[in-house]
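Input: one structure, supplied below.
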Amino acid sequence: MITEQAPILIVIVPLMAALVTPLLGWIRKDICYIWVILALFVSVMSSATVLNTVIHNGIIHYHLGNWLPPWGIEYVIDHLNAMMLVLVSGTAFLVAIYSRRSIEQELPEQTVYFYTLFLLQVTGFLGIVITGDVFNLYVFLEIASLAGYALIAIGEEGAPLASFRYIILGTVGACFYLLGVGYLYIVTGSLNMADLAGILPELYGSKVVLVAFAFFMVGLALKMALFPLHVWLPDAYTKAPSVASTLIAPLMTKVAIYVLLRLMFTIFRPYLSFELLPMTKILLIAGIVAIFAGAIMALAQVDFKRMLCYIIVAEVGYMVGGIGLANSVAIKGVVLHIMNDVVMTLGLFTVAGIISFKMKSHNLTDFKGLFKKMPLTMAAFVVVALSIIGVPPTCGFFSKWYLIQGSALAGNWIFIVALLFSSLINIVLFFRIIEIGYYNLDASVSHGHDHDEGSVVSEAPVSMLVPTLAVAVIILLIGFYNQSIITNIIQYAVPKL
Amino acid sequence: MEVTLLVQAADDAYRILENARGQAVELLNTATKLTSDTRWMEEKKIEAVLMGAQKKKSSLQNFVVTFLMLFAFWALLSGKFDSFHLSLGVVCSFVVALLGHDLLFANVRVGDIRVIVQRFLAYLPWHVYQIVVANFHVAYLALSPKMPISPKIMRFKTKLESDISWVTLANSITLTPGTITIDIEEGEFVVHALSEKLADDLNTGEMEDRIAHVFMEADHIYIQDVLDVARIFAEFR
Amino acid sequence: MMSVMTIVSVLFILGGLFFFTTATIGLIRFPDFFTRLHATGKGDTLAVFLSLLGLALYEGFSLTGLKIVIIAIFMFIAQPTATHAISKAGLRFGLKPWMREEDRK
Amino acid sequence: MNNFLIVITLALCLLVFVVLYRVVFGPGVFNRIAAISAIGTKTLVILIIFGYFYNRVEMFIDISLVYALLNFIGCVAAAKYLETEG
Amino acid sequence: MIIRGEDIIIKTISRVLVPFIQLYALYVIMHGHYSPGGGFQGGVILGASMVLLFITHGYAEVNRKFSENIAVLFSSIGVLIYSGIGFLCLLLLGNYLDYSKLYKILSVDPAHARSLGILGVEIGVGFAVMAVMFSIFFDISTGGVSPDDEEEAE
Amino acid sequence: MKFLSLIVTIITGAFLIYGTFDMPEWGDPNSPASRHVSPRYIEKTEIETATPNMVTSVLADYRGYDTLGETTVIFTAGASCILLLRRRKKKG
Amino acid sequence: MLEFIIGKYNFWIYIILMMIGFYAMISKNNLIKKIIGMNIFQTAIILFYVSIAYKKGGATLPILTDADAHGEHIITIAQYINPLPHVLMLTAIVVMVATLGVALAIAIMLYRKYHTLEEDEIIKALK
Amino acid sequence: MTIPFDLIIQIFVIICAIAAITVRDLLSAVMILGAYSFFMCLMWAQMGAVDVAFTEASVSAGIGTILFIAALMKTTRRTKD
């Protein structure tokens, strides 16, 4: 029975836990932390169960309210979904463990509602990923967005303005999505993804479908911060509280890319995107531009978190361009890269969070001499950095390898150049940081003397260190087992082209 | 006839008792020589006793009347008279009455409500007549090319005492020809009139008398107050 | 019998329309805020009352008709109150009532 | 009767259009609020007449009651705002 | 006692109207099956009645009946009623939100069980919406600081 | 800036107008939107849910999960406002 | 062509409204004006959906009449307006007001810090 | 119904929308937005979407306007555009 009902437990347990959190906050504030971890643990276990079932028994359909699909809402969980579910709930779980000290320091008075919104945010992401209904997706997108606006707005100086801009652009994005749903509904009369996929092929010539597709694209591009529409992202993620950015940065863009994949390969057939429309070219150009722009702008930053934000923009470029390559090897790379990028971004932001927890700021100069002072954190950081650059034993290498393979297959050399260029920039970026951290020891010692003993930095607290190290280990594990992940999961997640 | 006598007697008694109460309070104050702060507290206490006597008696009654009114309203709205919906109605009106019975009848004595409703209904035709006249007046003003108005703001004092009668008077003024109530300041009505003549109509006080009649304020029935004051007076003794 | 009710309701609705019209003309023509409130406060109250009463009569004596009357009663209470609220705010805000030239002296 | 109601509705719409002049150009916020509450009363009647067009008056009564109610509350809220500001 | 000098007209009128508004809101919630309306609309009207009280009578009067902490409690309880009914269906061996399984404990046929389930859900929605609307209004109009504290601070 | 946003607005509008050309006739009872999924709601609402108001039955039953999400949205907004604006009460 | 323009006037109106809202959202400088634009934008989308649901030719409200509810007639589909878009729009309206609440809360936060609602002045104050 | 009432109301709606974004006083803009929502509500009632009309009248026109006014109360009415 539990395995049968596991799909609903993934979403509903964090939701109900979020409802109870404010009430628990009246009793004691510390309970909330344990409560959040508990709820997310249940969610992780259920999603692992679901992934297991999917691997062994194939696609799961779950009918909410016991109504059959076109009339009711259903969950459809295939390999891609299941993988995303595990990723989202696992990330949330790690961030929840990690959050304790950082929250205590940054937002001592608002802990309870922070955790409430944290859980709601996770619920939103999970709901987006799991559902098989286009309108239901919109509702959960709004839950995730609203929680995200609030979580970002309570950050440091300038965060409210960033959040306000995010609200305006995010609402435009969500409304464009809704408009796309409406345009599809007017010609098909259905909201179910599988049902739409069955009806739509006859209508591919219609201008309505075309406009719907375009609005979906623009809306999702706003949400995933594709290059010209990324303007909200750097400010928002830089100024958010570090736990919030640790949760939102890895997941928001990736979930949007997941929706893009769903849209292009499940609702619309690849035939529409790649043969009727010049989506190959559009996505490739967008991706390449995003990679170059993100990489160059990352180079210009002096703020560590802001630099990471531009790296995210570049990574979005990888995935969008990879989809644009339109062959199964590249898509395999994209799916693998979604997975890797979640983990890698999580690693980077956890490190950034530790730095800002210790140093109260997140400039690049804060790294001075950190290798001596917090060796474990910096070891994890090096692993993550290597993975972002794409050095072989780490997972980042394999997805890039697939992408390069795919673009060679498609005969697209510019994309390879872009990938290599971005890797080069990443090398420059991260080696600069490692250099600051490793060699500027003397400067930092004198720095420390200036300020007296109070500012001596030691290793991060255990609750923050453990998730960071876990991320590093996961990166290596994914690197080692990437072949079996591909054969067991991703292979089925990739649509037939 | 007897009633008038009784009322007169009660009125006299009330006046005497009122004086006595005032003296008692004064005596109390001077005798105890409290600081101004605590003296204020004492006055509050006396007031609270006065109010409490009234409230405690009528709270349950208030509740029942509110409940019945709300239930009638529910039946009117619902229009479904099967047992399920009626029981829902009972529950809902019970909850609302529980929360809001102090709102509906904050300053009205419940015993009088039937009389008030009767008199209010009797008051309505005159009121409606006034409204119709007012509307024709507005129509005349709006349509006449010269628009013979010379607006002014005037004030007058009222003799009415309870808030519900004030409100009725204010709304009636708004609806009658050429005048709208702008404000009530310290028992003084601030009225915007379209012309001198209309303002004078208001000053004759006909409407005020009628409303005073509706809310039984001309009758000077203060028996309840008399009894309360007497009791408190006795306590002070 | 039916037609008598219909005629009565038509008359009521026409009366309502007439007062609506005069109230609107007053709202446009009157010189200042307070005098305009005279138009809306009085005119609209009676006009709504008459129109709704006409519609209720057309519906006949049923629960629906009674409900329409409830709206009319509600408007009867609320409209003067709203007028009063706005006019009070206007006075407190410092709007000067319009006066004729000869009165100003 | 139906045609008569259509004529009435058109006339009311015309009146609303006239009042919109006060809403859009009316000098100051007070005239606007007064005009908006005047529009509210007219649309209330229009709403119930729409109910007659659909032959389902009882469905539209609830809406118009809410309409009247919230128009009133909004008016009071705006008045309170202006009072505290002035 | 009449407090002279305050706005008696609006106060009195709203005092008289508020119970009727609240009953009307409950009517809207309960009769969502037969006429337009339902949990959201009724909840919003309930919230609006509270807001009216807040506007006219000030913070103290409302706080006596419905403080901001109770609003939080109610909003949680409202959504919990909804998801709890769904969960109950889960426990009765149905899918989530499958109200027809409620017939096992309600002793009516499945169609009416669905109808009752809808009613329960609407009540939950009504609670939540009322509480949240009031809470948002409270936060926005006072800036999140209850007026008592503000006085103390000054 | 104003000019740029005007251009963007006009482009979006032109695109929307382009999409309107192929839409089914407005108010057509035989358009796909009225024929595919919704007939079941109209025909079966009384039999399956004993609720004459289709909007309510679809809202709370057929698509009840959407409504749960919607209520959660409301709750999220309330929690957000508390998080953003509410300051802790001073004790004593 | 003329018939085409007249026959779909609902869609034209919704596009105009949406463009008004969109323009206000991206070009206005005042935060509250932006939020007003957002509101208009979302309402326009709701207008679009409700237009989808409408059926010409005497279709009535999506609430069964008493006669139909008791199975006295056979229910035809053309007789009732499509209820599904209405349901979706109820959700959208509620989402709209939730977004409105959060946006206003953030605007108040900004005003508390910078004592202005103009975006350029806030940016100036930030630097 | 042969007369397109919805077209008439839509013209009102557009007038209100344009007025709401051009008026240089935020309280006026908000009140006009309230009128806009009420017209929307009227239009949806005309189109037969009674539930949407009900929700719009209560949620958007009622609570939305009140929230706007409450927010203006905490901030300011003045604006440059």
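Labels for the chains are A, B, C, D, E, F, G and H, by order of writing; each one numbers its residues from 1.
Everything that follows uses one rule, which is that contacts are C-beta pairs under 8 Å (C-beta built on N, C-alpha and C of every residue); 3 or more make two chains touch, one makes a residue touch a chain.
All figures in this text were calculated on a predicted structure; none of them were measured in a lab.
**Student:** Under the document's definition of touching, what chains do chain C and chain D have as common neighbours?
**Tutor:** E
**Student:** Along touching chains only, what is the step distance from chain D to chain F?
**Tutor:** The fewest steps needed to get from chain D to chain F is 2.
**Student:** When I count C-beta pairs in contact, which pair ends up with more: A-F or D-E?
**Tutor:** If we tally the C-beta pairs in contact for A-F and D-E, the bigger total goes to A-F.
**Student:** Express in whole angstrom the distance between the two chain centres, defined as the mean CA positions of chain D and chain G.
**Tutor:** It comes to 20 Å between the two C-alpha centres.
**Student:** Using mean CA coordinates as chain centres, what's the chain E-chain H distance in Å?
**Tutor:** 24
**Student:** Just the number, please: Cα centre separation of chain C and chain F in whole Å.
**Tutor:** 36
**Student:** Which whole number of Å gives the spacing of the CA centres of chain F and chain G?
**Tutor:** 9
**Student:** Among all residues of chain B, which ones touch two or more of the remaining chains?
**Tutor:** 77, 79, 170-171, 181
**Student:** Indicate the residues of chain D shared as contacts by at least two other chains.
**Tutor:** In chain D, the residues touching two or more other chains are 28, 33, 54, 58-59, 62-63, 65-66, 69-71, 73, 76-78, 80, 82, 85.
**Student:** Touching at least two other chains at once: which residues of chain H meet that condition?
**Tutor:** Each of 48, 50-51, 53-55, 58-59, 62-63, 66-67, 70-74 in chain H touches at least two other chains.
**Student:** What residues on chain G touch chain A, complex-wise?
**Tutor:** Those residues of chain G that touch chain A are 22, 25-26, 31, 34, 38, 41-42, 45, 48-49, 52, 84-85, 88, 91-92, 95, 98-99, 102-103, 106-107, 109-110, 113, 119, 122-123, 126.
**Student:** Which residues of chain F touch chain A in the complex?
**Tutor:** Touching chain A from chain F are residues 15-16, 18-19, 21-24, 31-38, 40-41, 61-66, 68-70, 72-73, 75-77, 79-80, 82-84, 87-88.
**Student:** Looking at the complex, which residues from chain B come into contact with chain C?
**Tutor:** 76-77, 79, 131-132, 134-135, 138-139, 141-143, 147, 149-153, 170-171, 174-175, 177-178, 180-183, 190, 192, 194
**Student:** Once bound in the complex, which stretches of chain G touch chain E?
**Tutor:** 63, 90, 94, 101, 104-105, 108, 112
**Student:** Flag every residue of chain G that touches chain D in the complex, lowest number first.
**Tutor:** Answer in residue numbers: 60-61, 63, 65.
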